[in-house]
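Here come two complexes built around subunit A, the first alongside subunit B, the second alongside subunit C.
This part shows the complex of A and B:
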């Protein structure tokens, strides 16, 4: 069995700021990291690797510095990693990313299973795994919260939580699954373990290497293009209350009464 | 432009209709029953058929876990432009654009949708009153994916539609202390929620209690945040609440920037007294 785990290199969104003076989004200065949701996909792959002697390949589409994210994922227990990069990565949309990952899956594959986290912390589209499945013409399940593979490795049983129900599916491989954080607890790796991953385990590919025409990855050719950003603040009264607990409680109740929240 | 709004029975299409109205007067609502269409592939095939038969170029779907799967598959199938979790649509010199939150809700991004068919998802509310009759459809076969079970789960703690929410975060020292929070919630007639570390790190509660980006988005009359620092991932899930009261020992906690009433204090001092005072009313 061969498994591709898609990981995204993302800015730490808690450090992304909007500068009201320049009307600019400060993304580039923010520290970068592996998308947390993809760590759950990595953990699932590592468990399957041990159970089924699967080969696990980390796939990433991102800037050259995303090599550190690939190394981090490989350190969790993958056999190797592949970073697809080029001058086009900066403004790539979800559909463009999916086309590159599908190309990677074909050129490095065939893969029995493609795993990813349900969402990325930056764009939060939750589109790429489903688009990859469509491009590869294989089944897709989003929100996988339980995963069992039969020993032969040509079928998986999954559960997912939807609105008001838990559903289970039997899925024929090859398939694409995106996983929820409820699936498992990702193992942690130390900085030393990440450092010890030799760069020979991280291959770099261009769009052409994975069979994708760069001309199709421009913002104009993309399905979606970001044309503006503005701050998303909601004004609040920010009335500060402090002091003795009994006084504080009285002030809270007064505020709730004033707002008509108490019956 | 012609819009097609898809909902399940029990979902109010109004938010989706209102979202489409600035860009088209031609809005048709179709109700699709879940049975037989559980797999996203099946729903996507049915919706793709409706898009074709109705000549729609804008599809609006509920922003729910089930339709997130459908939206991705439909977008791939139709080579569409997709804006998940949209908050506004507009016709601009860039064509049809969608506004949506980016980077955990720090900014609103305006996205041009550069394909002939656009797929948009947005939050919907539960339907009050009678639902329209579901569209008669023949569930299509799905290759390689078979539903083997479906268990209805308890009513998700009612968090999404609660008019009052009491939520707690890392400042709660032990799982046993959730009883303190529950007692206050009971006194207020509120639902209990929590921040992401309580679910992901502590594993004290399941995902249905989590407020925020990966959990539930709430818009109650009252949101009472106890010992929640206010990471942007949390704020995006509660900042449309009518009245926000936060209790935190750290006067510079980010939650206070999003609060109407910023209570600088220890939840262990305040919560039992507040519960008692409410009970005495």
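This part shows the complex of A and C:
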């Protein structure tokens, strides 16, 4: 079995700050890291690799610094990683990203399974895995919370949790799955394990290398474009309750009941 | 006056005792001792080299430690009852062996060769009296020991079965020695017999019973005593008395190990610098047999005395950790592996020798190591286990979160790095950019930078430094975590890379003197960083505060009603500062300045201090326990009747204050030394009014 795991190089959300003076999110200077959700996809792939002797390739579309994210993912237990990069990476929308990943999947492939995290911490669109599946014309399931390879046949059984129900699917390979954090607990990798991954295991490719025309990745070619960010004002009613603890508790309960929060 | 030597015994015994008794004893002892050494996979050759190296490295320390601990019983003395029985047995047994040897040397060497006898006259009289006394004190020691072991039964006492044999044998040797002496005095009465007062007294008692059989009586007990003594000496390597040989060796080999210093399995900065191969390097050990021979010998040297368990705060809190049991379990596992001749396939966790909870329970407070007569490095061994867990990715979520936070947010609290300087808003704190050549670089540390409560320590220090006119600067946004949590949690490589970066940062600013109020940073910067090339002097704020108070640069706290606020004051020694850092007096000088005669000591203080519960990264995660370590420490502090507990560490501040809050009946106030001193400062005035 051959598995491609898509990982995204994202700004560290715990380090992104909103500057009240300029009304801007200071994303650019923030330190970067591997998208947390993709770590669950990596973990699932590493488990399959151990169980089925599967080959696991990490794929990433991002700036050249994203090589460290690829290295980190490979350190979790992949065979190698590929970073597709170019001057165009900053301008990609979801469809553009998906087209590059699909190109990567074809040029490095064929893959039986393409895994990704459900969402990315910076965009929260949850679009790319589905678009990759479309581009590759293979089935797609998102929100995967359980995954069983059926000992390596051309089917996988998956489960996903939706609104209090658990759906079970049998999916024909090749397929794209995006996984939820309920699937597993990603292993921790240490600094040393990351440092031990030789750079020879992380290949860098251009758009042309994976068969995508760079001209189709310009901002003008993009179907969607981010034009602005502003803080969403959430109306809050602040009330201060004072008194003895017992009294305060009673008061708070009464208010919550009034507001219909507590039945 | 002199000893009637071997009277009424066959003359061939003069040489026969050497050929038939002493020689076999020495041979058997040597053979058994060699096996004893080899059971931990160690050879005499390695031990010899280890000893030579230790003496070459640090002759003074090694000599002081070995002489102090063997003859001065420095470490053993710390446990009162244990000290009493050990001193009685060790001293008496030593005297008796030396005494007996002296008689042999005189009779069979100096007398035969030079015709010279030295055990004569007054000296002989004293000699006899001393040996009789030693026999009695040996019996007393055995009785105290048996009373402790069989009646008092302190919970921490381990139980090597051979202890029973040793007590029995020592008692019998003392008794048979007295009986043979009584027999000799009856068989060949001498004028000066009164000097052998115990034997003489016994002889008087036995006279009516023994009657005409004195010679036979003497011969029987002589033989019984001699045979049992030689057999006993030969078998020492099999008994817990093997420590007579093993402990001085392990002490000497490790004498210069600094308290609280962890092992350094590799030098990553150097390898990275040389672009060396990282493949082969690893930290931590999967099995005790993987340790280098010194540590194997150390683990196998444990005498199961339980001194470590008795003082372990984690054990007292009902955590699954007993340092004694861990060392015993690792030692036993080591011996099994060596005997099997092949390393086990699975690691100690998979085989159930220790559990992960045990490894995470340790506070690296060093209380155990301070008491250990075998100089076992219990916290170091537990950190080695953590390193192994970390390397295998077997890290519990909370600990993993801490390690990740240090990498991502540059602080173990997981707060955004850009909030690091929030504490200094509006305080006009000079940064290195503003004061590029300060006397002190004031290193704030993550706790005071991020923890809402601990911030006030740094704020108080800034106030004090400004008042006293001390030249200082902070790194501000450039400061990052020192890496203490990484190292204590077992992420050795992460720690080393961080150390490398911080050392480069210090060097870039040409920093020579660092001031810090955090003993964890202090320990890391002074104990860990120098190994990677740091050349800095680090001063704890308690030391500087004591100096400033002594020189009158800041006023003692007594002014403006502040004494009433402090009330009766006690001081909690942070492990990293006191026991492990050796800074004991300066914080007390500050406390004296704050409370004068109303300063009282906690029972467990200075180098016997009890951890607040935060050490070894424990501030950031939980392990199963029956009580919290901090509540135990708080109880010890409040037993002094104090109103205020002074601390000198932001972690202790957080832990003890939490404990005081949850013990709703505790009116104790917890304050850092800096906060106490700052409270004595006059209100800040604009400079022109001064």
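Heads up, the rule we're going with is that the second predicted complex is superposed on the first by the 223 of 263 C-alpha atoms of A that agree within 3 Å, B and C clash if a C-alpha of one lies under 4 Å from a C-alpha of the other, contacts with A are read in each partner's own complex, and residues count from 1 in each chain.
Definition applied: a residue touches a chain if its C-beta (ideal position, glycine included) is under 8 Å from a C-beta of that chain, and two chains touch if they have at least 3 such contacts.
Everything numeric here is computed off the predicted structure, so don't read it as measured data.
By the touch criterion defined above, A:195 lies against subunit C but remains apart from subunit B after alignment on the C-alpha atoms of chain A. Of the two partner chains, subunit B is the only one touched by A:225; subunit C is not. In the superposition on chain A, A:259 makes contact with subunit B only, not with subunit C. Of the two partners subunit B and subunit C, it is B that touches the larger number of subunit A residues.
Of the two partner chains, subunit B is the only one touched by A:249; subunit C is not. In the superposed model, A:175 makes contact with subunit B only, not with subunit C.
In the superposed model, A:17 makes contact with both subunit B and subunit C. Applying the stated touch rule to the two superposed structures, the overlap between the subunit B and subunit C interfaces on subunit A comprises residues 14, 17, 185.
Put simply, subunit A touches subunit C in their complex at residues 12, 14-15, 17, 31, 33, 185, 187-193, 195-196.
Across the complex, subunit B is touched by residues 11, 13-14, 16-18, 25, 27, 37, 94-95, 98, 118-119, 121-131, 133-135, 138-143, 157, 160-172, 175, 180-182, 185, 220, 222-232, 234, 236-242, 245-246, 248-253, 255-256, 259-263 of subunit A. Residues of subunit C touching subunit A in their complex: 268, 272, 278-279, 281-283, 390-391, 393, 395, 397, 400, 403-404, 407-409, 414-418, 491-494, 497.
Taken together, the subunit B residues at the contact with subunit A in this complex read 38-41, 64-66, 68-69, 71-73, 75-77, 79-85, 92, 94, 97, 101-115, 142-153, 155-156, 164, 188-189, 199-200, 203, 206-207, 213-214, 221-222, 231-233, 239-240, 242-245, 251, 256-266, 269-270, 273-274, 277-278, 281.
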